[in-house]
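Shared between the two complexes below is chain A, which has chain B as its partner in the first and chain C in the second.
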Partner chain A sequence: MDKSEKTQFRRERLDRGIKARTDTIYAIASFRDMLYLILPRVLPLVLMVVLPLLLGEYWRKVVCYAAVYGLLALSWDFLGAIGLFSLGQALFFGVGAYMAGALNLYFEWPIYYTLPAATLGGALFCTLLLTPVIRLKGVYFAMVTIVIPILFSRTIVAGGIFGGTHGIVNLTPFKSDLLAEYLILFALIGCLFAFRRVIGEDYGLVMHAIRDDDRAVMSAGINIYWRKVQALFVASAVGCLAGAFMCHNYQFVGPSAFSLDYSLLPLAAAALGGPGTFVGAVLGSAILIPLSEALRDFGGLRMVFYCLILIASMILLPEGIFHYIARKYHQFERTVKI
Partner chain B sequence: MQDEVILQVENLHKSFGGVKATVDVSFQLRRGEFIGIIGPNGSGKTTLINLITGFVKPDAGRVLFKGRAITGKMPYTIAGLGVARTFQMVHMFYNLPAFKNIIIPLCSPRVKTLKGGRYGERDDIAIEILDEYGFERDSFIPYRMVGSLPHGYLKRLDLARAMSLRPEVLLLDELFSGMSMSEVAATLPMLEKLSAQGLSMIMVEHRLRELFRVVSRVIVLNFGAKIAEGLPEEVMKDASVMAAYLGSESQYDCLEMVPSHGAPPPEEQPETRPEAEKILEVKKLTVFFENALAANDISLEVAEGEIVGILGSNSAGKTTLMNAVSGLILDQKKKEDRRGGERIEVRGEIIFRGENITYLKPSDRVKKGMVLCRERHPIFRDSTVLENLRIAGKLRKRLEVKESIAVVFEIFPHLLTLKKRKAGLLSGGEQQMLAIGMALVTRPSLLLLDEPLLGLSPLLQSEVTKALKTISGRGVTILVTEQFARPLIPIIDRGYVIENGIIVMGGTGRELADNPDVRASYLGV
Partner chain C sequence: MSIFIYGLTQSVTLMLYGYGFSLVYGISGIANFAHGGFYVLGGYITWCIINLLGLSQFTSAVLTVLIMGFLGFVFYWGILLRIRGIILSELVITFVAGIAILEFLNWKGLYGFYYNLLPFVEGDITVGEVSVDYQRLIVLCSGAVLAGLMWLFVHHTKIGLSFRGIAQEERTALSLGIESDWVGSLSMALGSALAAVAAILILPLGVLEANVGYEVLIYAVTVAIVGGLESTPGMVLASFIIGFGQILVAEFIGSSWMIIVPLATIVVILALRPSGLFGKFKELEERV
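This part shows the complex of A and B:
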């Protein structure tokens, strides 16, 4: 610590010039600048188109599965953006799945009716169901959302509704696997871009403001509860779409659609990828779900390794993978003399 | 129109868990009028504003806005009708640029129905509004992150946010608290202008001199009840007001305690004892927050038994210095790098009783006898006063704690009467006393106080100042920061002035008080 004699150095973090140029000033001068802006946006689109064509049948199913979890994670992240900490994505998933399944079996609606009907109808149902508890904050809201799916699945099993334990079977499948895969991937990417757009606008600004300090937003004359209802509707629509898709993909829906997995895995995915960014939610599920498949070779120890990897990543990158990548993409470090 | 009553408060009552916060308060606000509300800490001023704006529901009574009852309505409905407010503790979105904070009220239905405000236009409107409140349009200030703005700007941003709703009634909750002299001076004309434009305003404030410049009528609250109302001069002469609020030494008298040219010093400055042992030595302390330099090459010394003051305006680096000395900010660059948070670097040396403690954890520093009482020190709101003191004494033996709690009650006799009350229900001043008490229970030999007088009424300010003197008399060394130095100057042995993270001046309390620059910036003479 002898300061006077030695020159000291410190590391400094700075935005890249290209970031500053493309961020606010819009002086996009070169091909490199354009690439800097476009590449992160085009890359997921390209992946989406190419992946189903390249992979084998098994891994295509895994991609499908990951996309469904991605949608649920997006739905979780959207609620999180307005300060509603949900532990009940399974509710949205289950309601969507059962609604699509019931419409398909009992009313014999075709897929292209059941999907939108289950998405919007399910969202309406879930929103009405959760609106009374929207004033609850933090852990109280989480507690309510975690028990409601359990309530539903137990009611279905005990009451024998919708086929009870056996569920609804023999639903219409998608015409081709490729169609189904593109459909769900398109929905995922569509939601991702839409959410990121919304959160960047004034609407998203108000959402974040409500999460950070609802008193200040109330004093600005904005009805925070109406905003929360809106966010709840959007989030449950996305969750219901995932459920409706899954029930047609499996041609089956049972009480397991309300299982805790659908609540917790999206949360883990979003936390791993970086909560609050939406990309993180997708990234997290794109890592977690294939990882859990890849670990199948370990047999009984699969879950052990899975959990260890999850814990390790939380400790090493607590801010989430996406935040880390974004920082490295936008900023650089240099050593300066003091 | 001038005589129209725009806001009428009728017999408001409110109590929190048996503590009466508002008792039968009634008053009228006419259109275009500017009323001041004053009263000791805990007299229910903020509660009154919360009751009017709907953040707290009254137990009884009602509030009429333009003849319509607004009692029990949601805060956003009331704000939407045109009753805007600012907050005592700034409620801002720290990770947003300043102008984005103005976008939020611009999104409210009230502003939409008043005027356009479509997406994209809002940025321009926001920057235009901010321009009126001292955020120059052509500078970088409206685009700076709120977290990096000086406190005075935050308060003005809050004012701008309230005004962007284009309200008909504006309620200001201690707008000037925490502002420096120059910031207050810059804000006053804005209020005068608003008042001249015909806006009806109510202002809660402790800075009486500034308040009286702008208001036409004053309401005095004590223990939740209205004890006086009238013109400022009349109210200040009222005996009950003097007793409840101003104390024996009014704010004006406080000034007399400052030794000025010609006037004899009220008490002899104790000679600095050269033989006294150095208890704390800070050598070339430099603190970086990310790339910003918060403390630059600070060196200072504190000798055993002294009271040393650190004067500085907002964001001068006082809190950074205190946190670095107490170890709350450690050199965390490795950890923060991974976490992506703010990267903090601390360089230099902190020596306590001849021992280098630069890399010691804050808890270990407390064990060595150095305790920090932070700015707006957090207390355990759901525990009683006595429990709070016991929690603080966790480190000491039972018998010692008992003794030191008795000492605390001796220094702050007021706390003894509140022993069983939940700390969250205490007023700001009482909480501050409790916080200092909690620091004392750990039996420090060096007590660090960060802005202990922030937001206190004149009476409490002098009470806390006296308590500091008593504590010092018990052999505790005190290092205290303050931006509003008037009450503090008489008791400090030595002081430093800190500006932009650099110590620009040091000297005895007397020397500082005689310095014209200090007098202008920190004493408001």
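This part shows the complex of A and C:
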């Protein structure tokens, strides 16, 4: 037999029947179909409500932390959807934290005012700051955004602004830990569902189009810079909220609010979970942050193991965890003869 | 006079930091954020060879450069090649690899004054009224020699020409039989070797600490970006602007503001002229 006639196989992916059915109105025909649709959406909600009640104090703090990083990762992913590749979520985080801290300390505003004020005011500040460089694309935008937070933190240290190295201390804490946890978790869930909705609408379609081919969108008579400014505002508002929350939670804000961690971890979370889906960003931070806590036993080697795990998982699963899970959920694979 | 001399050394130092980074980015399009990690690792390997194996300074320098070149090759061939083209993954992986190296060295105890490399030649010379130690002169000279050698290498050797081919137009280069994976790996090898060279030359002037890596990375990125990512003359010019800028700021405002200079420069340059001082290729592509 000729060598070239050897039978070869390839793998084929097909949508599950239930997926095809539930895409249409017939979804309400059977309970199982409805469950298929509802379960993935309700499960995270239930998890978020139940988790703070089940866990001990230490792990509740970790969940809080993961939610903050989740917000930053969402903000990163939202910018990514319009083609702005940011490396500076720390800018949003730091600006939000400093703004809330300064309002709280110098003007003695209570928390219910500082949080929204820092979210909106910080977003306005960041948007105005980044608007001049919004024309940049790719690695160039990334470079500007990575540098600005470092610049801010060094200026604060060198100039002794806002307490310099010592930062602003003795901020008002939240009334109870549980309140704080639910606040941040619901902010996270709210953002997640809102972003997924927005990206499914026409508005999100335009965002993706700007990412894929901005000139085509321009020729369709849409002002892409105005859209980018809007996306920037939304993303920075989310980042600032995370920062404002964190500064009240710690009752402290210092130059470390601009540290590279807040830029890099959300990025790694999004890359691990699957960029472009928002769920991936949340999933990634829900894995990475507890992982880094679990590795605490390794002491000094913690970061090393953490980095190695991250590298390994990114090589083995380049598409991201969420893409993988979604594929398994909606499709099945089989081997066919060529 | 002292401003001139210190400015000159600072500039050449920055140029040495940036050389490897800019080379790798120009050729393979990968922003190698592990550069700072490679730099410190180069210094550490040299220290190990000198102090644990007891070889002479020159031999260990050569050995280190070879080892680092090999490591860079393995890093590209073994890891980066698998996720080539996914910019996000490239970025995260190089960054994370750099952090892994630096944190590992931190864990090994690479801080304080225990680990240090001795200058090649002790002593100093007085120029004008400033005393300059020989190591700074060596840095100056070798910076100039290195720049010259690199120019000769990329313009007059076969590998160098294939580097430039891939950098300019990857598909055309491929059709002429230049293999881009191979060239990419070689460029990463050369980039890491250059990081090691920089470490061996510059580290005797300061201390060998893991945290130095982060600063080296910031400088390397700044110099490469400001000069235009694929342009070597641009990078050299940028390191002179920033180097002298830093020394002037340290002289007249205060040394704690030194780090602000490169950061502010990068923001200003990118806002005004995003392709850098001398960058041409990417101008249309990166800016609508």
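Structural remarks
Rule of thumb we're sticking to: the second predicted complex is superposed on the first by the 320 of 338 C-alpha atoms of A that agree within 3 Å, B and C clash if a C-alpha of one lies under 4 Å from a C-alpha of the other, contacts with A are read in each partner's own complex, and residues count from 1 in each chain.
Operating definition for what follows: a contact is a pair of C-beta atoms (placed from the backbone, for glycine too) under 8 Å apart; a residue touches a chain by one contact, two chains touch by 3 or more.
Being a predicted model, the structure only gives us computed values, none of them experimental.
In the superposed pair of complexes, A:I287 makes contact with neither chain B nor chain C.
Legend: residue contacts after superposition of the two complexes on their common chain; A:M143 is shown touching chain C, with no touch to chain B. In the superposition on chain A, contact of A:A216 is made with chain B only, not with chain C.
By the touch criterion stated above, A:Y324 is placed in contact with chain B alone, chain C being left untouched. By the touch criterion defined above, A:V133 reaches chain C but does not reach chain B. When the two structures are aligned on the shared chain, A:L124 is found in touch with neither chain B nor chain C.
In the superposition on chain A, A:L37 makes contact with neither chain B nor chain C. Shared-chain residue A:F85: touches chain C; no touch with chain B. Looking at the shared chain after the overlay, A:L55 reaches neither chain B nor chain C.
Comparing chain C and chain B on the residues of chain A they touch gives the larger count to C. Shared contact residues of chain A, touching chain B in one structure and chain C in the other: 215, 218, 224, 318. Residues 1, 3, 8, 10-14, 201-203, 205-206, 208-209, 212-213, 215-224, 316-319, 323-324, 327, 338 of chain A are the ones touching chain B in the complex.
Residue ranges of chain B in contact with chain A, taken from their complex: 53, 55, 74-77, 79-80, 84-85, 87, 91-93, 96, 100, 103-111, 119, 122, 161-162, 165, 284, 286, 288, 290-291, 333, 338-341, 343, 345, 347-349, 358. Those residues of chain C that touch chain A in the complex are listed here as 31, 79, 82-83, 86-89, 91-93, 95-97, 99-100, 103-104, 106-107, 218, 221-222, 225, 229, 254, 256-257, 259-260, 263-264, 266-267, 270-271, 274-275, 285-288. Partner chain C is touched in their complex by these residues of chain A: 85, 87, 132-133, 135-140, 142-144, 146-148, 150-151, 154-155, 157-158, 214-215, 218, 224, 264, 267-268, 270-271, 275, 299-301, 303-304, 307-308, 310-311, 314-315, 318.
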